[in-house]
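Across the two complexes that follow, chain A remains constant while its partner is chain B and subsequently chain C.
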Partner chain A sequence: MTTAKRHSNPFVGDGAGHTSPLKAAINYLLVCLLVIALFWVSLAMLGYTFDFSFVSQYRMRIAQGFLLTIEISAASLVASLALGTLVAAGRGSRILPLRYLCDLYVKLIRGTPLIMQIYLFFYIIGTAWGITDRVVAGILILSTFEAAYIAEIIRGSLLSIDETQRDAARAVGLTHAQTVRLVILPQMVARTLPALTGQFASIIKDSSLLSIIAVIEITQTMREISASNFKLFECYFLLGVLYLALTLPVAAIGRHFERRFDYAH
Partner chain B sequence: MCHHNLADACDGKRTKEEDMTNSNSRSRTVRRARGHVASTLFVLLALASLVCASALTACAGSSSDSSSSASKSASGSSSKKTLVVAMELAYPPFETKTDSGEPDGVSVQFIKDFGEAYGYDVVIQNTAWDGLIPSLVTGQADCVISSMTITDERAQTVDFSEPYAVAQLAILANANSNISSIDDLNQPGKTVAVKTGSTGDTYATNNLTNATIVRLADESACVTEVSQGKADGFLYDQLTIYREQKSNSGTTKAVYIAFQDPEKWGIAVQKGNTELLGQLNEFIETSKTDGEYDKLTDKYLSEEKAAFDELGFKWFFDLS
Partner chain C sequence: MRIELADLCKKFDGTSVLKGLDFDDDVTTLAIIGPSGGGKSTLLRILGGLTAPTSGTVRVDGETVSYDEATLPAYRAKLGFVFQQGGLFQHLSAVENIAMPLREVHGVEASAAEQTARELLDRFGLAEDAEKRPAQLSGGQQQRVAIARAVAGRPRLLLLDEPTSALDPAYTNDVLDMIDDLREDGMRFVIVTHEMGFARNACEKCAFLSQGRLLEYGESSKLFAHPSTPELRAFLDKLLEWR
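Moving on, here comes the complex of A and B:
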């Protein structure tokens, strides 16, 4: 191995687009088979057989839970984008209290686990301010949580745009508004979109924690079903498949954006 | 990585596979094109060793019965066998922890006394409620003693001992609510909090069809729902309701009027584990007469016993 030349290192690829699609597909299939085989072997070692006969019995509840997960995730994406943009702007503000408020917000939210935020928000802030609807409270909590991360994404890409571009824009006679619209924004979109789609996948997964305040999204639905039929593994396996059905397409969209906006880097 | 670990497991194949990997790395240095062949080969080899591993487990499968009971007759030579007991240590005073984090409570003491009597080394495994029955099914635990009511549904998956305690469901209601019986809860617009998978959950699901049922993971969340008025009532056993009502006396009230048959608590074991089940039943039977139950009551439940006597409730260990 030590005599191997660098390009023959199996862990360093040839760069993007070199592998033929057919070869990629075959190798990917091989890896999938490997993962399935590992899981299947583990099950065989336990002597446990999966029994999914309960799925048709509960299909309505599963469908409703799945839909609610999508609704909560979509609503949280919109709300957290709005809040995240405001916070990102606030962190660059000249008004110091506003700047520090946004800074503290990002630090507190990113520095604490979501499960703690859900409990405290729902039972203290939610109760005090009369937010009794669990779904609404769930969307608010999730949006508040994700907005801190989105603010960091937006702030990061804003800072990555070179200051000289503004100078150049001014030099060719663009107004401030024109600079933002024609120079800054297009680059911001290109730089944030791939990361934002990744964050959307996180939102979908994080929404599962809302089950602890009895929001009957897909995780809570599966917990309830497994509590009555004790098919814990089948329920959680199906749960994983359902989440993948959401997150894999989102990831594919993210990759599409990455390719589409490749010029930005 | 995985290929090497697995190769270690199948000792016989090891040298042969090592030779093949060596030749792979040699071929990689020759030409780049071969490098691809080699990496594909690498994956194929990994698959092959997996197949070999599954063949191994097939052999192990036939002896899986002995391995799952290995914990009970650990290695044979040592005099004490290990008894892995799963319980959810979140249910004082039955399953809880001391301030320093040691498992403690009625069930813990009871099963430790059982271990003492039958020569087991008792290992307590703190497991979330949802995971208790699965831990028996997969053989990770030998028995479950976690204030679990014997039900037909559960008995389809695990075997239960004879009852070691009896309990009644009661209602913890919001102090300002007009709940004075179970019928007051079973109304449109009423919200009932239950712990997911508890017998309160089962009762509410089957009987309180007019009310909205909120299923939560923790007892404390259920109590919070009631004391804040988010839920009108919380269904749980009398003793817990008694304790929670005392610690939230300003915001809650207790409704003890019985609305179902007493629930019998049992110790669960893996289906077919008759040896352990027999010992447990024997121990429960002798506990009724030899003062074991009195000892547990004195140690953990003296105050509650006095209150129950005053209220005229049947005591937990009164199995007659």
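Moving on, here comes the complex of A and C:
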């Protein structure tokens, strides 16, 4: 019954699941080669040749910037998960001011660009409250931003849990605490993990915007290097490769979760 | 098992769903029939401790049911409840759906709980589906696992809320056969159902609920042969219209 439902979904290609691995690999390689060729031809038309000889010279700075990007992203993930969970709970609260506060927070954060929030929070709130450490400020701002999205993910999955599941838990005699621990939380984890992994990839990419307040993460590092050696194309190309080195594995983890928790949908 | 209802009322947002039910009898197998919206499911949920009545009392074997969240889990644990559909825990396999409540609610040791669960699945022809999650089972299989779960804790009464209404006719018989099987083993139950053949032949007593009132109650054979209220006569005539 469910299988039939899954296959009738026009957005889930029937073909993708049945392609042989070899055929898939060859075709994927072909597509990659095409993309590389497009870049190659474009560069040739500009009469430009890539020169990555500067990389070894700056390898320490690049490594430090890369590491800081990972640190900021990891710290922001933890902080935004905590804040997002609180906000999601707050949006269901019976205390109206708290509920409206959480609602307003999500609306404001999701309705404005991150770059505006970074400037405003850093120069007004950060300065007024004496948060001078740029990395700490960056993590706080990024977490505040991502938490609004995470709150929506958590709230959505909480609402999507069928009322009958709670009824069934009560009917078998589980207490409220047992229901949360044995039924609600496991189902929520199954529903949120794939989406949360996607959000983590967003955090990694969004952390690049912290370069505008001179947090020396990988984007700012590459900006600084390109400003001194004028290797703009090479620097940004390498920057893209470095972000992909983080986001592609994260996406693979997300797909793993999706397969593992398939029953939730 | 003796069930006593005294002036039982239930309102949802000002709408009366149950309008003062009185009942006092020893229940072995009871079918609750009646038109949709008549209050059948609400009555069953009140009996199961899932919904609190607005007023009136429920007494089971002489003890008044206190609709207080602190004592209700223990009351519910002594009953088995089967929902119309979707009552299995979606994240657990069939065997875990049965074993988890045994461990967590009835304090059965893990290996014994799993053994009981597998024996039940085996008995009802579901052994091959033990490791499947609800989404991988047919509607009929899901309901049979749900019934197996409901009886696993050796409940004093089984409550079934339209267990076959969401099923194809072929699956309906599988589920009804299973309930009848349990009846032969001495399981007492109350079933809300639209399966009149089952209500008439497999249930000792039958209650006809219409517009929030208990209009008729008695032995199933008599109730179906000689309906005394115009409401029940109209209800049965309508059902037989396409037979």
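The rule we apply is simple: the second predicted complex is superposed on the first by the 250 of 265 C-alpha atoms of A that agree within 3 Å, B and C clash if a C-alpha of one lies under 4 Å from a C-alpha of the other, contacts with A are read in each partner's own complex, and residues count from 1 in each chain.
Here is the rule we go by: a contact is a pair of C-beta atoms (placed from the backbone, for glycine too) under 8 Å apart; a residue touches a chain by one contact, two chains touch by 3 or more.
On a predicted model such as this, the values are computed, not experimentally measured, just so you know.
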**OP:** Could you tell me if A:V35 is touching chain B, chain C, both of them or neither one (first, second, both, neither)?
**Re:** neither
**OP:** On the superposed three-chain arrangement, identify whether chain B or chain C touches more chain A residues.
**Re:** B
Original post:
Which partner does A:A44 contact after superposing on A: first (chain B), second (chain C), both, neither?
Top reply: first
**OP:** Applying the touch criterion given at the start, work out whether A:D167 contacts chain B, chain C, both or neither, answering first, second, both or neither.
**Re:** second
**OP:** Applying the touch criterion given at the start, work out whether A:M60 contacts chain B, chain C, both or neither, answering first, second, both or neither.
**Re:** neither
Original post:
Given the touch rule stated above, what does A:A190 touch, chain B (first), chain C (second), both, or neither?
Top reply: second
**OP:** Identify the partner contact of A:L96: answer first if only chain B is touched, second if only chain C is, both if each is, neither if none is.
**Re:** neither
Original post:
Of the partners chain B and chain C, which touch A:S228 in the superposed model: first, second, both, neither?
Top reply: first
Subject >> Overlapping contact positions on chain A, where the chain C interface meets the chain B interface >> reply: 1
Original post:
Where on chain A is chain C touching in the complex?
Top reply: 1-2, 162, 164-165, 167-176, 178, 182-183, 186-187, 190, 263-264
Original post:
Touching chain A in the complex: which residues of chain B?
Top reply: 2, 25, 28-29, 32, 35, 38-40, 42-44, 46-47, 50-51, 53-54, 57-58, 60-61, 64, 130-131, 133-134, 137-139, 153-154, 157, 196-197, 201-202, 205, 214-218, 221, 224, 228, 230
Subject >> chain C - residues contacting chain A, complex >> reply: 48-50, 69, 72-74, 76-79, 81, 83, 85-91, 100-101, 104-106, 133-136, 138-139, 149, 153
Subject >> For the chain A and chain B complex, residues of the former touching the latter >> reply: 1, 3-5, 7-8, 10, 27, 30-31, 33-34, 37-38, 40-41, 44-48, 119, 123, 127, 132, 211-214, 220, 223-224, 226-230, 232-233
